[in-house]
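There are two complexes below, and they share chain A, which is joined by chain B in the first and by chain C in the second.
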Partner chain A sequence: MAKSAQAPRRRAIPRLLLTGYAGLVYVFLYAPIAMIVLLSFNTADFIGFPIEGLGLVRYREAVASSEVLHAAINSVLLGMAAASIATVLALGLALGFRYRFPLKGVVLQMILVPIVIPAVVGGVVLMVLFGYAEVSPGLWTTVLVAHVNWALPFAFLTLYPRVHRFDRSLEEAAMDLGARPALVLRRVVLPMMRPGIVATFLFSFTLSFDEFVRTLFVIGSDRTIPVLIWTLVIERNSPHLPAVGVLIMAATIVIALIAFVTGERSRSAS
Partner chain B sequence: MNSGRDGITALSRRNLLQLAGGAGFVAMTPRLARAQAGNIDVLVPNAILNAPLRGILEKAIGAKVADAPFQSTTDSVSRLMSPGGTSRYDMMISQTEFSKTPILGSGEGKEKVLPLDLAKIPNLAKLSETFRPDVIARNDKTYMIPIFWGFDAVVYNKDVIPETDELTKTWGMIFEDKYAGKIAWFDTAHQMLMAAGLYLGKKKPETMTTAELKEVGDFLISKKKNVRTIYTSFAQCTSLLASGEVACAYSPIPVRVDLEKSGKNVATAWCKEGVLSFSTGAYIPKDAKKPAIALAAIDAMLAEDYASKLTAASGYLSCSTAGTAALSKEEALRLGYGILEGATAHYPLRFPPNISQWVEVWARVKSA
Partner chain C sequence: MTAITAANINASREARPRRLEPGALMIVPALLWLVLFGVVPMILLGCMSLWRSTIFGIEMEWNLDNYRTIFSDDVYMRVLAQTLRIALASTVLSLILSYPLAYFLASAKGRKKTALVLLVFLPFWTSYVIRSYVWLPMLGRQGLVNQVLLWLGVVDAPIDWFLFNEGTVYLGLVYVYMLFMTLPIYLSLDRLDPKLVEAANDLGARPAQTFVRVVLPLSMPGVLSGCTMVFLLACGVYVTPQLLGGPSAVMFGNIIASQFLTSNNWALGAALSVILVVLVLGCLYLAGLRWGLQRLFMGAGH
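Now for the complex of A and B:
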């Protein structure tokens, strides 16, 4: 009797430890974010504690700032362009990787190289490359290439499993009915892959939107949001920075959630 | 907007094109204006283009100024030296002491920058005598001209530390025990070891031997217990002082400027060992696309209109005698121009030849 009464207690201790451990992990992950959110409502002239008052004044400043607005527009347009290019290239690669070809394994590793290269090294390499090529630094020249270079391996890794699982008998059936390869791609493959493509686009967009280190090495006189935030942090006191950070986080979370949901639909559809 | 077959809300192709086109137009508007008026690409400390300085400069040269994000002198020189670096910008400004050797190259003809046509810089006549030695030349050709200068010192909160305190006259304020727990250091090997070296009586701290560096390192380690935090960015230092978390800190100029603009009761400690001063110079990379406009910009920055407003807008001080034109004597002294008259001690922030040793010592201090 005594033994059986102790058993639930013995089970409760590990469970308690596990709960405590999980709680600590969540605190570790989310406490800094919660602090930024709190500071974004601080009406004080400086970033930090003590909280002098709570209000939306810093959000109003962030939204009214023309440099924040221009940087945000730059980041959104650049993200859309980089994500579009990376998604199209990744789709082509993923479709190509369904076939056997020489050095397939080597090509795969080469596609993934930008992921394993440290960001600083990647930035320097791109800066040197553009220097030799005499390409003027700019949002639509050097930065766009840098962002596609960064997003492409992730886009490929997101799309490839979906393409790999795609039922090729559907393509064969379409071709049996007389459809040419281009028509099969347009009317069969792309519609069925659409959720995966949308998820890849959104994931690539967030990667581009958040990219900082490589961008700093190759950008000209333009500013993206991360570069603008960095210059503000380095050079001057900008009390609206936490508000800018929260707005960006919110936008990124929404996009990532949409990507996640569409990705899940894609997975369940295939 | 329309709804996709699989339930995913999507933009129609027409909507998407309209949205992208509209946003693109907004993003391109300043660029188009810049292209029409002509522009120069510069890499300079961004604070020297704070309002109203950018407007003054653009009006003087008749062109827009597009400034890249400035990181540090080391970064600027590295960018100049890297492949394609001599065509990336039309004009650059970085610290004279560090930049002069790399921009001149190993010998005549190896310069990374263009010789400056001094006839196009008539305001060079206004250059302060103090900074004439910082004009960098080789074989009668001038390559770099001082534009502005600054200094690092201790900034302290007068609500906590009275101005009559003897420690307000020395670097000791950020080392000694009196204000333990209310001190912030700057996370840079060069500046912190220079300041500590001066405080310990080293006449030429940039030439410290290995043994002297060890002595300075040991001193800093012994005083680390007094330090609240070691900050990494100017904005962080500003916040630390503004919030009252620290009462004194090793401070570059922009920190004091930000605090004063917000009405904080702060002052600069004019250290008797000498505040750490530096000058910056402008140069035109060898393959700059618009050297004529860049020359005009260098001239305009030495002119009264720009120079007299530089300190109020950025905190930095002009190398032109026109810099003090609009300031009272007291104001000029408070802002640091007293250095030029010998009223304030200063020591040039010279670059040590054995910087890697300095970095190692600083790493030891931080990890102690």
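Now for the complex of A and C:
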């Protein structure tokens, strides 16, 4: 929103107030994060102030903890599996949505409604379903389904605009030249969509990696990182909790930034 | 050339009378998934809300007792009222924080703008649980705020009431969901044609007038979708009140969770879930947003 250059003096004071206000909001956003980073270096054996001394003790504990390691491995593998499934399903949806079919509006609602369904309900419906289906809770059954359910609408929303834009005539040309659909998909469609697919995968991964509430209802005795952090918070006797938190925040920010950059690139490419 | 091709394709597409084009079959795998893990469990939950929980498990005996219990019991109605109040308060607070911030972002330029927008996004990409937890060491007896107040000599003993009340839940919710308010307002302000503002100025409007008569009305769609999003998210929240609310600020999500996790009354929990879903979808319908949400989430999801 470019402001006109006229009457700059009349604008100076409101402008200053606005900048000051925005600055305070940034402080509100970042002060808690700065505090948790500071606490993660605290050598005291409780989480709080005043700071007794600064050091890497809690990070050493966090890295050495087999609990943390297992949860991290679970979260990464699960995230990759959930993101793969969500991306493939969303790719089918996005490609299919370029064609006409009956009840398209209803299908679109089926895809998008899970976004606004409260997480608690998203968790208990699966708890009930798997309870009746006698599937015992576990990472690779119930939790995987919960994560794909959560990531799928976002994967679709990330992919669809990118698929929608590209020219269907290229595909049709390949078909006219005698290529079978599978070959067209592999040689024409997928290469063109690669950046969009990568961005969708990464975004789905971050959604799965951070998912907590739905997971809580279907996880049984396994642990993902958010569930482990939750148990550490509830138990209230884990001085390395801030260190674990900082490591996780750093990891998710890096992944999200990569997803963001890839996404922007695929957007400007197509 | 391309225009002609595209036009031809469109023409041939219009000419085709079939309702289902074969290419649409690519949605089938996802459709099966959505029916099996989306629609079927919801129907099951709806049925269960009409059954009866006994100490021996669920009896499939159709009745309305769960709903009768909920609507006649003061406890549930109080929690419902409290949920709506908390959701409303955190929506208003988010709006108060977000609007000026969004305005500030929209009026920035170039690389600085990209950096400032990214800085608003960053915290929201990190763990939801950690961002809720963070208020415990911030506001607790040994928290940062209390220790600073003690050090400054403002108080003699740490203040207890910072945590575990409704206000703490407002704070936690605003911190966790504010982006869903900032983003749509920012997008609507950013799209606003600067010529309109210039025209208003040229015609002699004072800055305040320009804002109230031009900028504010044009950013209302963003405000509306932001308010709807934050309100809906806050209505269904579980983590924030569980961690920061204490016994006095229980919300609907928490009583649903406790039916399934502790008191083992699935049928009642199912009825509570149905009420929450109806409430959320009803609000969404009333807001008239429906799938305009699509745009909002596309923004949130990069």
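Everything below uses one rule, namely that the second predicted complex is superposed on the first by the 260 of 270 C-alpha atoms of A that agree within 3 Å, B and C clash if a C-alpha of one lies under 4 Å from a C-alpha of the other, contacts with A are read in each partner's own complex, and residues count from 1 in each chain.
Criterion: a residue touches a chain if its C-beta (ideal position, glycine included) is under 8 Å from a C-beta of that chain, and two chains touch if they have at least 3 such contacts.
Note that the structure is predicted; figures quoted are calculated from it, not measured.
Annotation for the three-chain superposition on chain A: chain B and chain C clash. Among chain B and chain C, the chain that touches a larger number of residues in chain A is C. Once the two complexes are overlaid on the shared chain, A:36 sits against chain C while remaining clear of chain B. Of the two partner chains placed by superposition, only chain B is touched by A:235; chain C is not.
In the superposed pair of complexes, A:223 makes contact with chain B only, with no contact to chain C. In the superposition on chain A, A:127 makes contact with both chain B and chain C.
With both structures placed on the common chain, the touch criterion links A:47 to chain B and to chain C. Of the two partner chains placed around the shared chain by superposition, chain C is the only one that A:108 touches, whereas chain B remains out of contact. After overlaying the two complexes on the shared chain, residue contacts for A:210 are found with chain C alone; chain B is out of touch. Residues common to the contacts of chain A with chain B and with chain C across the two structures: 46-50, 127-128, 131-132, 216, 230, 233, 241. Partner chain B is touched in their complex by these residues of chain A: 44-50, 70, 73-74, 76-77, 80, 127-128, 130-137, 191, 194-195, 198, 216, 219-221, 223, 227, 230-238, 241, 262, 265, 269.
If you check the complex, the residues on chain B that touch chain A are 4-6, 8, 10, 20, 23-24, 26-27, 30, 41-42, 45-47, 66-71, 79, 82-85, 87-88, 233-236, 238-240, 242-243, 245, 254, 258, 262. Contact residues of chain C toward chain A in the complex are 2, 5-6, 9, 13, 18-31, 33-35, 37-42, 44-45, 48, 97, 100-101, 103-107, 109, 118-123, 125-131, 133-138, 140-144, 146-147, 175, 178, 189-190, 192, 194, 197-198, 201-202, 207, 232, 235-239, 243, 253, 256-257, 260-261, 266, 269-270, 273, 276-277, 280-281, 284, 291, 293-294, 297-298, 301-302.
Considering their complex, residues 1-4, 6-7, 10-11, 14, 18-19, 21-22, 25-26, 28-33, 35-36, 39, 46-50, 88-90, 92-93, 95-102, 107-121, 124-129, 131-132, 145, 148-149, 152-154, 157-158, 161, 167-169, 172, 199, 203, 206, 210, 212-213, 216-217, 225-226, 229-230, 233, 241-242, 245, 248-249, 252-253, 256-257, 259-260, 263-264 of chain A touch chain C.
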